[in-house]
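As structure tokens, here come the structures.
In the two assemblies presented below, subunit A is common to both, partnered first by subunit B and then by subunit C.
Coming up: the complex of A and B.
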């Protein structure tokens, strides 16, 4: 063990611990900007510099390993003075002006610069911002880049490369001209971006945000002639209360419904309903393909970031993907057929809105094969902004129920929101579909949790043990694909583009206080608590899904079901 | 009267076929430990500017375990006012080659690199030819001089970035990456080029090493002072009558003697306005501060540093604001852009200076410039940043009447 003192407090740490980690052990907060848990050390912002053994040269706490006998001062007069001036420089590089100001910024409530300002007690600003005049990148359906707000901390570069295994971003130019951009400045919409939005989560400023659909949704809501319905994804309910001050993982399903009703939606439905439906379609497909030994393993298809990833990087495996549309698109397809017909709504007047934890869902809804079934996609963040703008605090509302037709769901659908959930839900029903019996123990624990790659073997009957895998985060997806290519045998594999699954989606609220792992864990706990508290926990038990098959689709995998609920993919390769 | 002491300088030495490589041959018979002992005994300090003991560097590299090691000659001579490596590359390149090979043999490197700044087209041509000739003559390749030592050298042409003179940036550049510094540790000795132990030495350091092995450590250590052994190549330039590379024995003269005797005095005038003693990254010295002896310690006691040995003389007629602006422009253009203090600090300084042509600076402005200077010096990631405001700050300190508005106190 290494012994040192930080601000006169003795600390004992393992060898290899950085000064930043050591300080956190004794609850001393050192401000950072370019540092992010789970990313490589960059050592660029220098905000975390500390005084070591009274040396003149200050050391970056994020990149300096603790050594025996070190005397570290994290907030000495000199360190504080340097930090203040450095922060002035950073603010000046952030181009704050009339056009770019904190009040209109997408990150007005979750800006890390603002947190740092508070942490270091900045009380002066002597420098003029030097306007850089860079163009916005509006090429993507999902994500907007505003380079003038970028402070070049390179967290998005590292996130995309290290956590997602892609690397669409890079630095270009030099010195003060250094910018973050895409290959040949092509724009995010024209490179191998999966639209996952993880870069947004990592950005400390408002330089990256989703393509907003809020204004269009407001317009639709204000238009008397329009019939506007909305669906809410499983992972939204455990995060929507966060922007209103609640802890991550707070379950606010009923309050979300109540808020949306107040906003004026004409029908409030649950993507969970189509998640149950997805299990019926995908589960049936898995059972068929496994018994026919056809294109195994079956790969899940509900994460649109993952879909774009496989289209770019493993187009030869597109035949392995389940043909089932994602729950969002199944909902869209049914809304514009089953719902419109049942309710007698003219398609001209029907507007279908989604609330998703996801930025890639915006791209998905614009895929040509999806035929504009979903008109607008709001992220959890956008939904929260709209609710706030309507003068509503979600935490104050009494819970209300979803509308009936497509609002009923089982616990299996709730867990779609977290890594391993689709797999668990599918296994619960696959067992039933094959054996005609119910699983005795429906909690399938090996596929749960934040481990990046998970594997399980589930005995179904004497002849069949299903081998399943789960990967979340695209660098794990890459590892899983390499394992499959190397001949590891699976029947069914779940892929989610975002770490943690949808609970960690690129459209989720950004927590300035908690680390990402803590936030994910709490949201995950929230999701499983919903599942375990429900009476119906297996998709095939959903009475409204059963009704839908009886009255409209026939049976899972029927011709009509195929027409509405299944899709095809585009081999994109590399540009 | 100051005279040159020629330890490194000498007649043109570029013909591989006639050169005997006496230092290298001797080194091959000495073996790594005794070579490093010689370099350490000579107390040679790195001549690139930072002054790290060369013997220690080689010793650390020798002790590193690794399947392969690299030896790199840093010929990215970019410090403004410095052109002494160019002299060696053009006139005595075989000594540089020899030093590089001795170092490689001593530390156990099998592949070498010479990284030359892109603008040095003539040295690049010369070194390229020499490397070809050396391969033909069997000086490079396998089993050199029958010793069992295998070694070859690649020539890499820099793309013009000043920061690539920093060893970690230089290594990134060779690897084809952006020329930006790396976080240390790990030091290049531990994990350098392609992750292998790597020694990076300045051109002059290597030429010194070749001479030390040939002539013996005692010969070199007998020159100079306790803390500054041997000789130093200086690049004398600016408002001076004779601008050239000279070789000075440490401690044999003062800065003002160098300017008067070797440089033939200040052009069109008696006294300079100030002198930059070690390249653009070192603090300015006033005429009355030039009586310090030319040693590391002598110039430090005068309040600056010896740096790369570039002595730039600035005449009385020069406009200070113009100089400040040009210096800051240089650092703004050359900061790599990785760390915030250097990138944003140098940009802001340049912006502030460019707003104030032909005007004096207010006390608040000077305070701000000093504050930014302190942030850069204390918190920048590499040597480029840390020293980027040394000169500008020293000019403000030394010419307050000319640059700073007088504060009028009203009682």
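Coming up: the complex of A and C.
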């Protein structure tokens, strides 16, 4: 063990611990900007500089390893003076002029720069901000870049390359001209971006945000002639209360329904309903393909970030994807047929909105093969902004129930929101579909948790043991695809583009207080608590899904089900 | 896997630029594959160096130094004259693909400013008139 003192407090740490980590161990907060848990060390912002052994040169705490006998001062007069000046220089490159006013910033309520200013104790701003006059990148259906706000902390670059295994961003030029850009400056919509939005979560300045659909949804709600219905994704319910001050993982399903009803939606439904339906369709497909030994392993198709990833990087494996649409698109397809017909709503007047933890869902809804089944997609953040703007605090509301027709779901649908959940839900029903019997133990623990790659073997009958895999975060998806290419045998593999699955989606609230792992763990616990508290926990038990098949679709995999609920994919490569 | 820091990378980019006059997109894609790096990263590495181009350049690349020493010898005046003559601003290429104009840092002839380069050829102690004559000869 290494012994040192930080601000006169003795600390013992393992070899290889950085001064930043050592300081956090004794609850000394050193401000950072370019540092982010789970990313490589960049050491670019220099805000974490500390004094070591009264040496003249200050050392960046994030990039300096603790050594025996070090005497570290994290807030000496010299350190504080330098830190303030550095922050002034950084802010001068972050345009906070009238045009990009803080008040309209995507991070108006969660500004990391403001937190850092507070941590440093900023009391002066001597430099005028530089306006670089760079154009916004509006090329993507999912994500907007506002480069004038960028302070080149490189977090988006590292997040995309290291966590997602892609690397669509790079620095071009140098010195004060340094600009974060995409390949050939083509814009995010024209390169191999998967629209996952993880860069938004990493950006401390609001230079990246989702393409807003809020105004269009307000217009639809205000228009008396429109019949506006909404679906809410599984992972939204454990995060929507966060912008209102609640802990991550707080379950606010009923409160969300109540808030949406107050906003004026004409029908409030649950993407969970179509998640159960997805299991029926995808489960049936898996059972069929496994028994015919056809294009194995079957790869899940719920995560639109993953879908775009495989279209770009493994187009030769598109035939392995399940043809089932994602729950969002199944909902859209049914809303514009089953719902419209059942309720007698004119398609001209029907507006379908979804609330998703996801930015890639915006792109998915614009795919030509999806028609216009889903009109607008709001992220969890946008939904929270709208609810706030309607004068509602979600935490104060009494819980209400979803509307019946497409609002009933089982616990299997709730766990779609977390890594391993689609797999677990599918296994619960696949067992039933093959054997006609119910699984004895429906908690399938090996596929749960935040481990990047998970594997399990589930015995079905004497002849068949299903081998399944789970990967979340696209760098893990890459590893999984390499394992498959190297001959590792699977029947069925779940992929989710975002770390932790949808609970860690690019559209989820951004927490300034907790680390991303803490946030994910709490949301995950919330999801599993909903599942275990439900009476019905297997998709095939959903009475409204059964009714849908009886009255409308026939049986899983029927011609009509195929027409409405299945899709095809586009080989993209790297053009 | 090759490292971008490896000097072989720069040598390859130099060769590509010598062949095409710039570094075309398909070559960046190939470098990305060779070095097993995201293509944006290769693009960024190339863009770090001001002497590499990722867009086609004119047949004649005109570089005018505006570092301190040349600046004191009125390089700005020279630049204005060349800008007016070519109808181009810094970094632009003429529609007929004949000229590209670049304002650059020190070209290593500080005692002989102002200086201008046309492709690989250096011209020193330039007057505005002489500079325009050189450009006319290119046309």
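Here is the rule we use: the second predicted complex is superposed on the first by the 575 of 575 C-alpha atoms of A that agree within 3 Å, B and C clash if a C-alpha of one lies under 4 Å from a C-alpha of the other, contacts with A are read in each partner's own complex, and residues count from 1 in each chain.
Just so we're on the same page, contacts are C-beta pairs under 8 Å (C-beta built on N, C-alpha and C of every residue); 3 or more make two chains touch, one makes a residue touch a chain.
Every value quoted in this text rests on a predicted model; they were computed, and no experiment measured them.
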For A:135, using the defined touch cut-off, is the partner it touches subunit B, subunit C, both, or neither? Pick first, second, both or neither. neither
Quick check for you: in the superposed arrangement, does A:438 touch first (subunit B), second (subunit C), both or neither? neither
One more residue to check, A:90. First (subunit B), second (subunit C), both or neither? first
Determine, under the contact definition given at the top, whether A:181 touches first (subunit B), second (subunit C), both, or neither. second
Touching A:574, do we find subunit B (first), subunit C (second), both, or neither? second
With both complexes superposed on chain A, which partner does A:168 reach: first (subunit B), second (subunit C), both or neither? second
Between subunit B (first) and subunit C (second), which, if any, makes contact with A:58: first, second, both or neither? first
Look at A:41 in the shared chain and tell me whether it touches subunit B only, subunit C only, both, or neither; answer first, second, both or neither. first
In the overlaid three-chain picture, which partner chain does A:78 touch, first (subunit B) or second (subunit C), both, or neither? first
Across the two complexes, find the residues of subunit A that touch subunit B and also touch subunit C. 171, 173-174
Show which residues of subunit A lie in contact with subunit C when the two form their complex. 161, 166-174, 181-184, 191, 574
So, in the complex, the side of subunit C touching subunit A is made of residues 25, 28-29, 37-41, 43-45, 47-48, 50, 54
Subunit B-touching residues of subunit A, taken from the complex the two chains share: 41, 43-47, 49, 56-58, 60, 63, 65, 78, 81-82, 85-86, 89-90, 92-93, 126-128, 130, 151-152, 171, 173-178
Contact footprint of subunit A on subunit B as seen in their complex: 161, 178, 183, 185, 332-341, 343-348, 351, 364, 368, 371-372, 374-375, 377-381, 386
